[in-house]
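Multiple structures follow.
In what follows, chain A forms one complex with chain B and a second complex with chain C.
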Partner chain A sequence: MKRNVAIVGGGQTYHAARRHDVDQVEMVNEAVRRALDDAGMTIDEIDTVFLGNMEFFEGVHMTDCWLVHGTGAYGKPGLKITTGGTVGATTVCVGAHHIASGLFDKALCIGFEKQEEGDTGAILSGVAHPLWGRSLAGAAVGYFATMGSSYMATWGATEEHSAMVAVKARQNARKNPYAHLKLDITIEDALNSRMLSYPIRMLDMCPASNGACAMVLADEKTAKKRCKKPVWIRAMDTAHNEQFELDWRFVDTKRPIFSKVCAARMYKKLGVKKPAEYFDVFEVYEPATWAELIWYEDLGLCGPGEGFRLVEKGMTNIDGPIPVNPSGGVLSTNCIGASAMLRVWEAALQIRGDAGGHQVPKDVRRALTTGYGGTNWTVMTALSKTLDD
Partner chain B sequence: MVDRVAIVGIAQTKFAPKRADVSYGEMAYEVIEAVLRQTGLKMDKDIDNSISCSHDIWDGQTISDIGITDVIGGHLRNEEKMALDGSTAVYYGTIGILSGEFECTLLMAHTKMSQTNRNIVNNDAFDPIYTRLLGFDYTSAAALQARRYMYKYGVTPEQIARVVVKNLANAKKNPVAHQSGDFTVADVLSSPLVASPIRKLDIAPDTDGAVAMILASEKRARQIKKNPVWIKGIGTCYDAYYLGDRDLAGVFALEKAAAQAYRMAGIKNPRRQIDVAEVGDDFSYQELLWMEGLGLCDRGAAGRMVESGATEIKGKLPVNPSGGLLGGVPINVYGLNRVAEAALQVMGQAGDHQVSKDVKVAVAQGHSGFCGQHQCVVVLGKE
Partner chain C sequence: MEEIKHYEPFEVDQHLTANSRYYAGRMGSRFYVALRDQQKILGAKCPKCNKVLWPPRSTCQVCFSELTETVEIGPLGTVETFTVVTYNEPVQPRKAPFVYAVIKLDGADTGMAHFLDEVDLDEVHIGMRVRPVFARDRKANILDIQYFKPL
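On to the complex of A and B.
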């Protein structure tokens, strides 16, 4: 990028299954106000506004237009982005490109979903091709069920490993005041929760949350002048799998796959050899427990088939050597349009040392985040504390 | 702009009321293959970024860029979808190249309006609490805007009908248009009334089609094409949402978007400096309103200007020589088609609908949302 871009502020709503007290405009505005407060800016100082959201989830066409008074986009340049589960991270990319272009100095990026206003399962089934895939579609649960079965059959993991991820996420969420599912659960609770589609049980899956996240990005000069703890965006990359790449998560596939291809490009850009050592914390997009284990492997934090060993040994716990999702992750909070942005914002909080109860107990200088959506798509973002890191 | 961005390739489908022979992915493939063939560029070697424009609700598929990931080169690579008018793909594509992240970006907008019902989709753009239940769609909202504009500035139905007569005559010369002909003002004013004062011939017809374009950095553009079209200025802006919160005869957002684009392009006097305009005439009266917003004439003067013949293909300032959207362009593709047609004029490759004057600078305008809430302006030029 031609200019350095920093995160100079951010904010999120408290996430919940029901937000009857607010409409979409008001909910988004909560996150926007928190982000502006955090950045010490007023909306008048913002040059441009970007909104990421999936219009089908709420059944409102052109939400960016409706929400202008909540987002602050009225009278300003801006765009709406719609790329599925990755959209929150894509929106950050869009903001970063605008700042880097030199045409804008301060950008507000917003992601949100108010899932209670639609039927998430039905809408996710609508992801599948109308002719070839839709009659088979089992929404997200069906997809992750094949992933879990394939993972266990191939690598010898058990349902207990999935339960360990489920417990880690919800116990971390208890330390995060904004998280949706702050559950004090045990492995037994997870293993005894209701079966949705073998091997996916209720507690192996993310919730359908209402919530929003907003971030203020700025150029280097503004960031250094206005922000005590700017967090720098060091690299971004996007990779999709096309819809008929129907491995449906054949976990030991040798073919190039979105996650590994994207990680390899990120590491090349940054000169990373050992990601588990290079990055101090990871925030990954795990709509289901098994996805987190596969992220460990695809990000190269361990070898293929070793992901479940990492969680077994507690390596990815909040106080472990490779903390993954100290925020509680998507398993604890999933407001789809915001989820990928929440990964970036939570990683930024860790770098700033402002994560509060879920701050990892070590010096955090670098972080890596992933988004996950579409038919196996990701957007990765690498952050650092200083421009030397 | 320190660095510059150029348009190096353009491909459009023949627009048609219904393309039952192709899915939207196949339709996208038609234009992407054509633009790659035209420029001699290879998807894997040359294109390093892709941007699409469409809407899930129009496409009937959640995250509908899934349906074009393969054909747009998104497999294992980058693709981002702007859920706005196609002109915003040019806006964001330009910014992506200026950011230094990308060198050569493929843009594509597509929609098959025949797959669904525009009134239902339009109605979904109205908020679920206050305005949706009133049964609004873009046409009924536009009727309010047209009335307000006519009342405030004394624009007459005859002047608005002149836009239709001009554009449908221009469309006869445009091989991709599907609605055209020799109509009179009386024909327009006697076509069926849809939402007073808007009649059937005042409305851009339901259309299927796609447009693809390739943008490149200055360095790459010079390698790819001899005389590329330069993107001189870009701007976007949101207006208020609720119709009651806006003066519907106002052009607040368009003026701001145009000011941003003109500042970048160094345009101080658009009336003198702009040679041709392609504007978003979703409804005939909007051509007049947007001409005023773009500063091509005084407020309220566009009606008289069209009457004088100044905006005809051989006029002083041709507007929509392509036939505009009234000739038949799908929604969401509107703006990318505006930019494409403006670029063809700058290149001198518009064929039969090439304007007779020398085109140095062209302006294209696209908008999203009812009554033009989100505006996007792109200024194009030679060297």
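On to the complex of A and C.
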């Protein structure tokens, strides 16, 4: 990067299924005020504002325009970002690019979703191709269900393994006061939850949450002057496949797919040979349990077909050697426009040592986060404690 | 123009129905309850800017102060600008001709767009004094103010 970029502050709302007490502007403003407080900055000090959400998920267009008094973007330059599930991470990426380029020194990045207000299922069907997919489409469960079927048939995993991921996520969420689904559940509970679409059960899926996350990014000079614990953005990358390249239908495919391609490029940039050792914590975008197991493999935390063994052995637990999603992840909180940003913010909190009840019990110097866009793309972000990494 | 008659261009008609609901929030809820139950119109006061804003909001867009104080504005107001709509479109809420006016209510620093009815189209003018006509059956909707009309 031309200039180094640091996360110098952030904040999030308490995420929940119902936020009848606030409108979209007020909800977003909660996260913005927390982020500014955390950064020790006033809105006047912010040079530019980037807002991200899932297009039309709350039944309104131009959210950058009519949320402007809540975001603090009034009179400031900025952009609205809508890249689907990845949008929160893309918004951080956009903020970081603008600072790295030298155009601005301090950027406020915001991701939000008030899912209770819109028709998520209907609008998600608009993501499907109008000629080839839309008449068949219905929300996101089917995508992950077919992924799960393939994964079990190919590698010999069972529903118990997805249940282990379901339990890990919700038990971690219980340690995170901001998480939505803080469920004290067992493997039995997960296996007995209602079947939605084989093999996806209710507890294999993320909730529909309302919430927002905001982050303040700054250039190196500002970060060193103003921030006690800056977290450095060391690398970012985005990779796309095409909508119909559903390559997890053969999870042992050798063809390049977005997640593996993106990880390979990130590791090359950073000189990473053993990602499970290089990074101290991972925050991945797992809207369904099976997706988390596939992330383990696509990120190279284990070999192909070994993801379910990692969760079986507790390797990815909060106190395991490769902690994944100590926050509870997307399985516990999915306010879509904020979800990919929450991965980055939660990873930053881990590096700062400020994650509180869900802080992983080891020295965290480096973290990797992923985003996940509906039809086969990802945005990844690597963070570190120092510029030496 | 390029010759493209080698095939029949195929068109697929698509319709999406998306329902939505909207929560009015801290300020919006106070506004609509006051309008519905008391026929009062509320603005939000920014003590720092010393402005009364309509629509009421929880954050002043200019100074970023958190706003909690509401003040009653109107009911009388002044036309700041207007137009007479003389064409019909399915999306329009009314059949032409009708008048849209931006009305600054007394005590407010910002204007609101609304219908101006019971008015001679030749006599509508900037600076015209108007008053609201409240709907009989009020549902906490901006059309609880049915329209404005000249004094």
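One rule holds in what follows: the second predicted complex is superposed on the first by the 384 of 389 C-alpha atoms of A that agree within 3 Å, B and C clash if a C-alpha of one lies under 4 Å from a C-alpha of the other, contacts with A are read in each partner's own complex, and residues count from 1 in each chain.
The criterion applied here is as follows: a residue touches a chain if its C-beta (ideal position, glycine included) is under 8 Å from a C-beta of that chain, and two chains touch if they have at least 3 such contacts.
The structure presented is a predicted model; accordingly, all values stated were derived computationally and were not measured.
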Which superposed partner A:F56 touches (first chain B, second chain C, both, neither): both
More chain A residues in contact - chain B or chain C: B
First (chain B), second (chain C), both or neither touched by A:K362: neither
Which of chain B and chain C A:K313 touches, first, second, both or neither: neither
Partner chain(s) touched by A:G118 [first = chain B, second = chain C, both, neither]: second
Which of chain B and chain C A:K225 touches, first, second, both or neither: neither
Contacts of A:H69 with chain B and chain C, given as first, second, both or neither: both
Which superposed partner A:K268 touches (first chain B, second chain C, both, neither): neither
Which superposed partner A:P130 touches (first chain B, second chain C, both, neither): both
Which of chain B and chain C A:N29 touches, first, second, both or neither: second
On chain A, positions contacted by chain B and by chain C: 23, 56, 59-60, 68-69, 74, 117, 123, 126, 130-131
Touch list for chain C against partner chain A, complex: 12, 14, 16-28, 57-62, 64
Contacting residues of chain B [partner chain A, same complex]: 2, 23, 55-57, 60-63, 65-67, 69-70, 74-84, 88, 91-92, 95-96, 98-101, 121-122, 124-125, 127-129, 235-241, 252-253, 256-257, 260, 264, 368-370, 373-374
Touching residues (chain side chain A, partner chain C) in the complex: 19-26, 29, 42-44, 56, 58-60, 68-70, 72, 74, 114, 116-119, 122-123, 125-126, 130-131, 134
Chain B partner contacts - residues on chain A that touch it in the complex: 1-3, 23, 49, 54-56, 59-62, 64-69, 73-84, 90, 93-94, 96-103, 117, 123-124, 126-127, 129-131, 236-245, 256, 258, 261, 373-375
